[in-house]
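Going in written order, the chains are labelled A, B, C and D, and every chain counts its residues from 1.
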Amino acid sequence: MSGNRIGRIFSVSTFGESHGKGIGALIDGCPAGVKIQLDLIHNDLQRRKPGQSRVTTQRNEDDGFEILSGTLNGLSTGAPIAIWIPNKDQRSKDYDSIKHTFRPSHADYTYYKKYGIRDHRGGGRSSARETAARVAAGAIAKSFLNEMGVTITAYVSSVGEISIGTSSDIDLQKIEENIVRCPSPSVANRMIKLIEEVKAEGDSVGGIISCVISGVPAGVGEPVFDRLHANLGKAMLSINASKGFEIGSGFTGTQSRGSIHNDLFTIENDQIFTKTNHSGGIQGGISNGMPITFNVAFKPVSTIMKDQETINEAGDQVTVNPKGRHDPCVVPRAVPIVEAMAALVIADNILLARTNTV
Amino acid sequence: MSGNRIGRIFSVSTFGESHGKGIGALIDGCPAGVKIQLDLIHNDLQRRKPGQSRVTTQRNEDDGFEILSGTLNGLSTGAPIAIWIPNKDQRSKDYDSIKHTFRPSHADYTYYKKYGIRDHRGGGRSSARETAARVAAGAIAKSFLNEMGVTITAYVSSVGEISIGTSSDIDLQKIEENIVRCPSPSVANRMIKLIEEVKAEGDSVGGIISCVISGVPAGVGEPVFDRLHANLGKAMLSINASKGFEIGSGFTGTQSRGSIHNDLFTIENDQIFTKTNHSGGIQGGISNGMPITFNVAFKPVSTIMKDQETINEAGDQVTVNPKGRHDPCVVPRAVPIVEAMAALVIADNILLARTNTV
Amino acid sequence: MSGNRIGRIFSVSTFGESHGKGIGALIDGCPAGVKIQLDLIHNDLQRRKPGQSRVTTQRNEDDGFEILSGTLNGLSTGAPIAIWIPNKDQRSKDYDSIKHTFRPSHADYTYYKKYGIRDHRGGGRSSARETAARVAAGAIAKSFLNEMGVTITAYVSSVGEISIGTSSDIDLQKIEENIVRCPSPSVANRMIKLIEEVKAEGDSVGGIISCVISGVPAGVGEPVFDRLHANLGKAMLSINASKGFEIGSGFTGTQSRGSIHNDLFTIENDQIFTKTNHSGGIQGGISNGMPITFNVAFKPVSTIMKDQETINEAGDQVTVNPKGRHDPCVVPRAVPIVEAMAALVIADNILLARTNTV
Amino acid sequence: MSGNRIGRIFSVSTFGESHGKGIGALIDGCPAGVKIQLDLIHNDLQRRKPGQSRVTTQRNEDDGFEILSGTLNGLSTGAPIAIWIPNKDQRSKDYDSIKHTFRPSHADYTYYKKYGIRDHRGGGRSSARETAARVAAGAIAKSFLNEMGVTITAYVSSVGEISIGTSSDIDLQKIEENIVRCPSPSVANRMIKLIEEVKAEGDSVGGIISCVISGVPAGVGEPVFDRLHANLGKAMLSINASKGFEIGSGFTGTQSRGSIHNDLFTIENDQIFTKTNHSGGIQGGISNGMPITFNVAFKPVSTIMKDQETINEAGDQVTVNPKGRHDPCVVPRAVPIVEAMAALVIADNILLARTNTV
């Protein structure tokens, strides 16, 4: 109810603040008997981690994690799985200068208005550090989905005005081969160059992450408010800095015509599929067995290395000039977060679909 | 859990099928003492109604409604409010020819795979007729929001490739003055012309609806998964034919820079506001007091008056050729639906925000 | 959230007031493919109906019902099933005299304090008439449970100080053979006599209903807060006039010793069972395959045909003297209500248990 | 959904196993600005702690706790509050001998049937150790309720066949003065003597806990399924070894008459109250401003120091003879657990009641 939990059957709650003792995830509803892939949790946390390359913040978060409950001999037991990620590089004092100041386009002002009290240390609960807990929980969901034959692959499809568009050299196997996580090596290089320029200016730039989910059988997702893409959309829009979501043809599809846009059913070797996939694998809110495809828009991150005017709690006009470390572009590190949120939504819906028929 | 309900405090469940006895909405959690505006329910149902103009389907739905419970002397009592909208123009037989056929890009196939049984009559539960119940429920939410000083205004901002863009003659007062519900009279004319062309071809076209919500105080919305725009996004993506959602600068904002995109706080006459509103009124998932602005993408509707190849339940390749009536473009009629879903989300969040502090 | 819904997967919401247009139930989450037993709905409504015998109120409720949605050709489709039961014998004017008076031990005062507005007509939402909707919904749940091999049988085990105790002539097949619904014919006669005496005095008396659920497989129910008996208890305590719930040995068991109370496991013909069933079929909140047994306590109904002192909204001391019709003892009519609530809880938990393992 | 969470606004999830790393509570929805009373958490944990007296198990649990998140400078921030209680005295090996055996009236068999896998170490998740997390969370709820003027007092009212009944020397101030937590010193002595006898025999005995909640204003609780006493009942029935719940007059009240049982309203000094309180402070599921009173029945604990027949996973008849430490009677230690669960329910309902009216 208070927004810190997502999912109905397979659910996750996160807790903790960026500069408190640590952050955690509580996974409730993971079926018993799932082989928990610790290396997957570790690997996804590494992919999300700051300081992993020259296009991300140099802030160092050592995302060691500990599973506190819910497993026995490497298997889930059906009990809640708690994961704890201690904070190590806290430097709360870095934030003393902005204790009473509302940083532009951060959540400082809105939390203050909502709660009357706020944890100013690095944004507290609103910090993107909270997403580490999501990534850990998502890796648990992936462990389950692997056993269901579902795979989830996200990648960076645009940075600023540079987009993979219809590049000819896209290869999803190559996503992790470059630091920007773009499946086109040539476009990746241009993206990296742009991010470096932006970083040199102390500025930030946005981007788009695309995601493909394969192996979801037809019939997953609930009508009418819990359409599968509606829940995917909510999950993606709940990620820090996310500003938009589109499934299948999305915004571009609004310019199409029904006669072109409709996905015609066909059958081959007793397999039903559609000739095109403008629907993005979901029709009427329910999966149709085709790959589920969507895009998520991320704004330029709010922390920049430039002077900005704002006000403080007293209502005075003041200037903020953040010091130290920042992410010039969030999308390379947000790739595993998108995957994690997708995994959570799909795991939840696959379990729920077991209750559809007598 | 089964997807037919939305909202936590102020919630609505819908029920009924397009060609059954009728459709209904059950509103639970409306506070006691709200003056229920019957004329508003009536008016919004009229705005959603098919057959209202030459750019919509000529199918006739007489959306008379009846409030079955939850009010006394014109006020809500705190009890659940049930609204019933009987179906009158059912013509189930129109659908006999497609009883065992999966219409392309409809929900026929996915419902069949999910439930093993499906109501073929006009899509049954997946029909856009279900949205009439949403509009009625939304008008109850609007009745409450009016007392809270909140107003919601949606309009058509693009049809196919025609967009209001940066038109100079936008006037939100003029939305209802043209049949396409576009606030720019000149652009509206071009949109109407396009829809008429598409209709003449038996085809369909998509479009975008924009929405502005004013009067929401700062502090509404919940971190972290229930960010206000995440719940707005889910609500919008749950509307039939919706394929995308963006808040504030959205997908376009991904090409901006932080130094331009950040909304600087300022204060005038003790009023805090931001100089720009790229955030779309929401920061960190919580309202900041600025107008909340978002866009929703709608695909070309799937029902077209052209032959299309598909398969049937037996796995045979067959041709469908829908007869009769269809909507060449859904967006003019979807305007009140977008408003209704926005009203439901905001009402819910305003009530929930009452529990934030001691 | 507002208390008008129960269940997670198989859920029911009720709506409507005792003297409004009617009352309804909205069942969401019933699996597709259930054969809906209309005769069962009808029969259970008849068993709950007032005026059915000389030991119940003579008020006449003609509980005709209509299924508004969610079925096709006699089967559930997976869509929400709405049931509507119109009110026919409303006589709202009977209540004009108590419009501003708080009847003792009714919900008049508490609703007034909660909502600032109340539907005085027969208690409005708080009336026991609301339970007709539960009984109809419960019959849908029973339709599903029949297909799962589960049967639910409730009966009156005490009225006032008369209890079946350890009567030797208990036969669950005979419950419906007497108007008080007691499985012991001899005790039934004494109960009936007591109720008639109490009725003649214009007074009321309480009683206890016992329930046996057979056929629930081991493994149903969720730890730790949603223990199966905790949810059964909540469901029973939500029935009008209910004041207590006990599972298995209940309050009496508190006086036992562990060495006697423990249910020893044994095995015969590969069937595991316990030699005794003090646990009432549930251990650690999860069914163990034995019959689930519990008792529900009902107070003497508050409406009596005697003068009683109370106060009105103005704070004046006044006297109420209800006219007309009342139930001297609620338990005979509450038997199908207890069964209905049990059916809803078990159906919900059986579906949820499908998600427990990989 | 998976049963490890309770509450709608003010909610708590528990996690952890009796012989794992520790147990935890995640409180979500605690309003911002509550002064968190650490001494209260500590004190209530001490009251629940095993080994505190000669009538409880000598097992030693050092319930040190750590608040991991959600507070700043001693106040709640509105963010989730995670509390961690490490396990110190684990002795998992004590349980190796029963690894494949189903202890009578424990949850061994039911967990095994549900999950196909079980944590045999001391019952794992089903252990009463889980209630330490509830007590810690309840102390957070009490911190909030203290600021709302609500007080909660539970005590032992019977052990086996010894009951305080209508003892003349009841004084709620004296509850903590004896090790059995009975407000009558003379009855307490008899209870202690009984428990010592039972303990000497290696047996166990049940008991009843009574609870009084004062200071809840009229209007708290939701109709119709979420009646306040229904949610209290569920909360109490979710406590280990609990077998029954009754509000106000409860099971005894079933033998009363309406003319005696009805609570007559009266007014004095502008204060409305009832002359009697058979309703137990709740009418129609909503508080009426009188003290809320209820009883909870606890069975004799299942672990006894005697040989018992049972079966193992292979289906063989075997004998269990638990070694070491056990609680001969659970009620003295369950007093703070009852209070904690009551606090969680009342806090949740008080917050929810803020949304009832415009």
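We take it that contacts are C-beta pairs under 8 Å (C-beta built on N, C-alpha and C of every residue); 3 or more make two chains touch, one makes a residue touch a chain.
Predicted model only: the values in this text are computed from it and were never measured.
Peer 1: Compare the contact pairs of A-C with each of A-D, B-D or C-D and report the one sharing over half of them by residue number.
Peer 2: The pair repeating the interface of A-C is B-D.
Peer 1: Given the two chain pairs A-B and B-C, which is bridged by the higher number of C-beta pairs in contact?
Peer 2: By number of C-beta pairs in contact, A-B is the larger.
Peer 1: Counting only Cα atoms for the centres, state how far subunit B is from subunit D in Å.
Peer 2: 46
Peer 1: Whole-Å distance, subunit B centre to subunit C centre, using C-alpha means?
Peer 2: Here subunit B and subunit C have centroids separated by 39 Å.
Peer 1: Could you state the distance in Å from the CA-based centre of subunit A to that of subunit B?
Peer 2: 26
Peer 1: Multi-chain contacts only, two chains or more: what residues does subunit C have there?
Peer 2: 1-2, 4-5, 8-9, 14, 29, 32-33, 78-79, 111, 114-116, 125, 223, 352, 356-357
Peer 1: Which of line, ring, star, complete or other matches the graph of chains that touch?
Peer 2: Shape = complete; every chain linked to every other.
Peer 1: With touch defined as at the start, can you tell me which subunit A residues reach subunit B in the complex?
Peer 2: Against subunit B, subunit A makes touches at 1-6, 8, 14, 102, 104-107, 109-111, 113-116, 123, 125-126, 130, 158, 160-161, 198, 201, 203-208, 217-227, 229-231, 233-235, 237-238, 243-251, 253-259, 261-267, 270, 272, 274, 278-280, 282-289, 295, 297-304, 306, 308-311, 315, 317, 352-353, 356-357.
Peer 1: Touching residues of subunit D toward subunit B in the complex: what are they?
Peer 2: 1, 8-9, 29, 31-34, 78-79, 144, 147, 223, 351-352, 354-358
Peer 1: Which part of subunit D faces subunit A closely enough to touch in the complex?
Peer 2: 1-2, 4-5, 8-9, 11, 13-17, 20-24, 26, 28-29, 32-33, 66, 68-70, 72, 75, 77-82, 84, 111, 114-119, 124-125
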